[in-house]
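The following blocks contain the structures, represented as structure tokens.
Both complexes shown next keep chain A, but they swap its partner, so chain B is in the first and chain C is in the second.
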Partner chain A sequence: MVEVAVAVTGLRRRFGRKEALQELTFEIPAGGVHALVGRNGAGKSTLFRILLGFLAPSAGRSAVLGAPSGALPPQIRGRIGWVTEEHALPPWMAVGTLAALQRAHYPRWREATFREVLAPFAVDSRQAVGGLSRGERAGLSLALALAQGPELLLLDEPTLGLDVVAKHAFLDALLFAGEHQECTVVYASHQMDEVERLADHLWVLKEGRLVSASSPEALWERIGGWLVELPHPPDRARIPGLLQARALEGRWEVIVLDPPEAFPKLLDEVGGTAVEPLSLGFDRAINAFLSVGSTVGGAL
Partner chain B sequence: MKALLLGEWHRLGRLALGFALLHLGVLAGMAFYGDLFVPSPTKVRLGLAAYGLGGLLLGVAQFAVYRRRNLWSFLLHRPLAPGKIFLALAAAGGLVLALVIALPLLLVTLLLDGFSAQWVDGRQYLMVPFLWGLAMAFYVGGCYLALRARWSAALVLVLLLPCLNGAVPDAWVFVPLVLGLVWLGGLALTAFQPDLSASPRGIRATVLEALPTQCALFPAVAFVLVLVYSVAVIHWEAGWRGFAVFGWNDYFPIGSYERAAYLDHRELVAHALRLGDSPRGPGLAVVVAGAEDGVEGGADERVALWPEIGAAPVRHALLFQERGESLLGPDGATRWVFSHDRMQFHGRNTRTGAAVGWLEPPLAEVPVVAADGSMVAGGALYQAEFGAGRVERLWQAPSGERLMGPAVPFDGGEAILSDGALYLSDDSGWSGSPTALPLPGAVENLERAVVVKLPESRLITFFLGQLSERDAYPARLVVLELAETGAVTTITDRALVAGAPAWVRHRGFLVSPLLQALVDFVWRDPMAPRWRQIPNGVWAAALGLALVSMFLTAGLARRRGPGTAFWLWTAMGFFCGLPAFVSLLLLRPRSEP
Partner chain C sequence: MIQIATGDPRPIFRQIVDGVRMQVATGELAPGSRLPSVRGLAMQLRINGNTVAKAYNELTAEGVIESRKGVGVFVCEPRQRLSVEERERRLEEAVQHFVSAVVALGFGPEAILERLAKEMEGLILPSAKEEASDG
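So, the complex of A and B:
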């Protein structure tokens, strides 16, 4: 078992003029569930493709389970599970045939895990993959990945497009596997309820840069919110650390990163009245962090 | 690997079975309603195109489906080396092609051999692995096209050309076929990598991809020189005449090869007569040029003959070189097909399909057949006597000579061309001794011989220059007058100069001496000159162009990426010339990271 599951140094990737990844450097330690969050286009999928060697970086290097991404040997690939956003599986194959194909290639195949993970999705082994619903394909995709007995499981927005029931079934299956397997999970998502439920560590990507690496709670605690009446729209020059501001029935909801203890006093100084602290949920706080710079109802 | 192969078989097997039945039906129909093993050249070309295209489409379709990004990662992200994954998929493709192509072909051949009166040669069995191999080679090419997803990648299919055009007519064709298959397989293997957006790198991958691409680009670059010459030189000097070659004829000086090359037979004879030193020449030219067309036995009766060198039959040739070695009996009730195994014609009733028997005796060589039942084989002229069930020898050329085509009727007798002389028989046929007119040069260089009947004599014009374009042989016009007494007088014997400048005639050498030598070797081109025959100016220009190409290629390669590939591309720029530069532009676009 390696100590570092993923290591990335100075990673850059350019698509034409757009920099999808910019000087990315970090290490993901082995063990636990690591959520990689970011808005669409933040570079999460690009990062996964580079990590698995399906895309060459424009600069920098990366390694997965100690092996360079550009030349992952088959035995290392066998230790990495990979679940994609589209759950793309050969549509012409029957579920049983597909399982048999994977079983033949993975010596640590766990049939019991495959059955248990797939059970809530009620998939018949004779069904063609092309005939499965998106939720069923998601379950099958996860069951195939977990049954391999991976040391590292990479999931790229796997619950995207799933209904609530399918999503819960998927997350339950993932949690079940997390409890029964020693596996490092790297989970890309912008669904904060999932992240809150699953993640031990939170990695935040913004415009191709890593802007935060901590536990989810640690980042959540750094974000505070207030309702305040202001004579003018809030802006960053007057309110340091302002993440997001929203006009609500004549008042402003302001969300701030790393607010000082005397933040209400600071609001007073900029003309704020009726200052009232807000209780921010994880979802609301992290989304504000991701959408830093946005405002609704006035300029920042 | 086995699991992947089975998975692919699950995907393609049912479709393959459908196509196999369809193919079987088509073959059975062709065997029932026609003669499957005596196809016309058009049918042969269509058949080769269909099998090649079938393989190509299967390769493209099979791999293009996986090329969708995440399905690609599903396929490649497993504890199996990419090479093994590719081999498993390609093995499934090979099985599909065996089911769709080889099995129906073999079944029909076996059925015809065992349960019909049709005689089946060994070469017809050999067509089964050949066509499967051809489809397989195109299939692997299709895999490569799907993986590279660039139109320029199709240029590598040039590797299969030697298998298609009959340049290697017999079983030796399996050598270029296997070479092409292995080469394309190696290419597809290098392209079968997790990162499909990147070009295959490394010396082996670069050579595998660049060399055939450059070979394909080579004639195109050489053709640009012809275009430059025709547009910038000829049209600049002589005015616009379109691209028709005939429009250029009078641009070239009198006494040049090009001036004579595109004249019709009568014009050629008149032109040759005027070129000669004999005082009778101009007068005879007026008679020939002014003669009335199409009068049988008239003063202008004429016939043209040319050696059928490229189309000479080869024993055990596979069917793609088929020349229709078959005859229809006089009543139309019997079709006689030549067997290469027994070297005899085998007859079958055209309505019932019942065997009629063999024409005796066996021939020493594969014949070239004329519609009237006459044929030439080696140095002998034969006539089929269907009623007697025999092939009678009419005439034998002098020892060591080969006849180059069937006999042609002329002036009550016949004319026939050998590799040593033109023979004219009189109305008593070939039983007497025909008049022999020795060829004034190598038969390979003979474009045509034209025989014209005049009231008191015959004019025989030999136009040599078939292989003169690149100075391998000299061009020449010779006119002989054959009197009724049998006396032969030379009216014209004139060497022709080359009309086009040396840089146009040696354009291939100018573009790349190495690629030109490779092409000459592969096609065994008789036009290839000895290197010392190439003018010094062309050598100097070729060296200059190679240096220019080397610097251009090196500059571009430096921008596209460093490392060993830079030196490789620079070397290719020098040795392969401008095609190397163009191939670098196509194979390593700037958009790659």
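So, the complex of A and C:
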């Protein structure tokens, strides 16, 4: 098994005048669940497509499981599982036929895992893929990916649009099905509750740049919130590190990156009164971090 | 039964540590009782097993639980494993945290202390004498 699952150096991708990825350089070590978060258009899907060799970068290079993305040999490709939001599978094909094709194609195929993952989704093997619900298709697509015995599993917003029951079945399978504990998981998601449950590591993309790489807790701890009455609307000139400000019944809720210890005093100095600390859950803290349009000083 | 919630101000591993400590303190988890395995609790809570392992490691280091290889995870006889300095440091940190949270709420010290005493009722904590002879 390789030590680095994904390596990216100086990666750029341009679509017309838009820079989807800008000078991306990082390494994802093998093992664990890596959550990749960012707003729409932050570059998550573009990155996945480049990693898998479906899309050429404008500059830079990337390697997956030690092989260059642009020329992944079949034996490496077979060790990468790929699950997308669309769960794009041939609609005319029966589930059983599709599974049989995959079984023949992947030498490490694990039939028991395939059945275990698919079981809670109650999919009949004679059903055509096109007739499955979104949740069933998600289950099938994960079952196919896990049954190939992947070393690396790339998931691009796999639970988007799933109901709670399907989502739970999906997470259960991802976390506990089969013997894929050695597998490195890279999970792109907007669902902060899922990220909180799943992630060992958190990678944040903003406008095609990597702005934070740490444990989920480490980024969370850098973000603080307060309720305060202010004479002026808060802005970054007066409140350094300001991520998000929201007016709430005469007071402002301010969320700040890397607040100094004496932050309440700083609020005092800009005329703040009735200062009250806020307890921020993971979702609120990270969403505030994502909400800032540009790279904030102090971010990586 | 240990419960966790996403969106809580505390990380999930912290919620597990707090939850187990609290159940031990209230006697809900008696010494010798068995906890779910790392995988079992992770499945029950639908979270990453590493998070449970991290919580169990902390509880083990504090002497709250012990893991017997091949047998399971058990609640220990109450015993203090933290140094006097570390216990003092943690108490100080908890008190500072508490004070900063209640200072602006407009309650007087008596009201606050009364509530605190009420909250401590029913917890199995050492008496002043035991505390002096401990650690």
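The rule is short, and it goes like this: the second predicted complex is superposed on the first by the 288 of 300 C-alpha atoms of A that agree within 3 Å, B and C clash if a C-alpha of one lies under 4 Å from a C-alpha of the other, contacts with A are read in each partner's own complex, and residues count from 1 in each chain.
By our rule, a contact is a pair of C-beta atoms (placed from the backbone, for glycine too) under 8 Å apart; a residue touches a chain by one contact, two chains touch by 3 or more.
It should be emphasised that the depicted structure is a prediction, and the values quoted were computed from it without experimental measurement.
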Check: Which of the two partners, first being chain B and second being chain C, lies in contact with A:His105: first, second, both, or neither?
Finding: first
Next item on the list: Examine A:Val204 and indicate which partner it touches, taking first as chain B and second as chain C; both and neither are also allowed.
Entry: neither
Next item on the list: Using the touch criterion from the header, give the chain among chain B and chain C with more contacted residues in chain A.
Entry: B
Note to self: After the superposition on A, what does A:Leu242 contact: first (chain B), second (chain C), both or neither?
What the structure shows: neither
Next item on the list: Identify the partner contact of A:Phe282: answer first if only chain B is touched, second if only chain C is, both if each is, neither if none is.
Entry: second
Check: After lining up the shared chain so the two structures overlap, which partner does A:Leu175 touch, if you call chain B first and chain C second: first, second, both or neither?
Finding: second
Notebook entry, point to check: What is the contact status of A:Asp193 with respect to chain B (first) and chain C (second): first, second, both, or neither?
Noted result: second
Notebook entry, point to check: What residues on chain A does chain C touch that chain B touches too?
Noted result: none
Checklist line | chain C-facing residues of chain A, complex | finding: 32-33, 168, 171-172, 175-176, 192-193, 196-200, 216-217, 220, 274-277, 279-284
Checklist line | In the complex, chain A residues that touch chain B | finding: 13-14, 16, 49, 52-58, 70, 72, 74-75, 77-78, 80, 82, 84-86, 88-90, 92-94, 97-98, 100-102, 104-107
Checklist line | Sites on chain C touched by chain A in the complex | finding: 6-9, 11-12, 39, 42-43, 46-50, 100-101, 104
Checklist line | In the complex with chain A, residue positions of chain B that touch it | finding: 2-4, 6-7, 10-11, 68-74, 76-81, 194-198, 591, 593
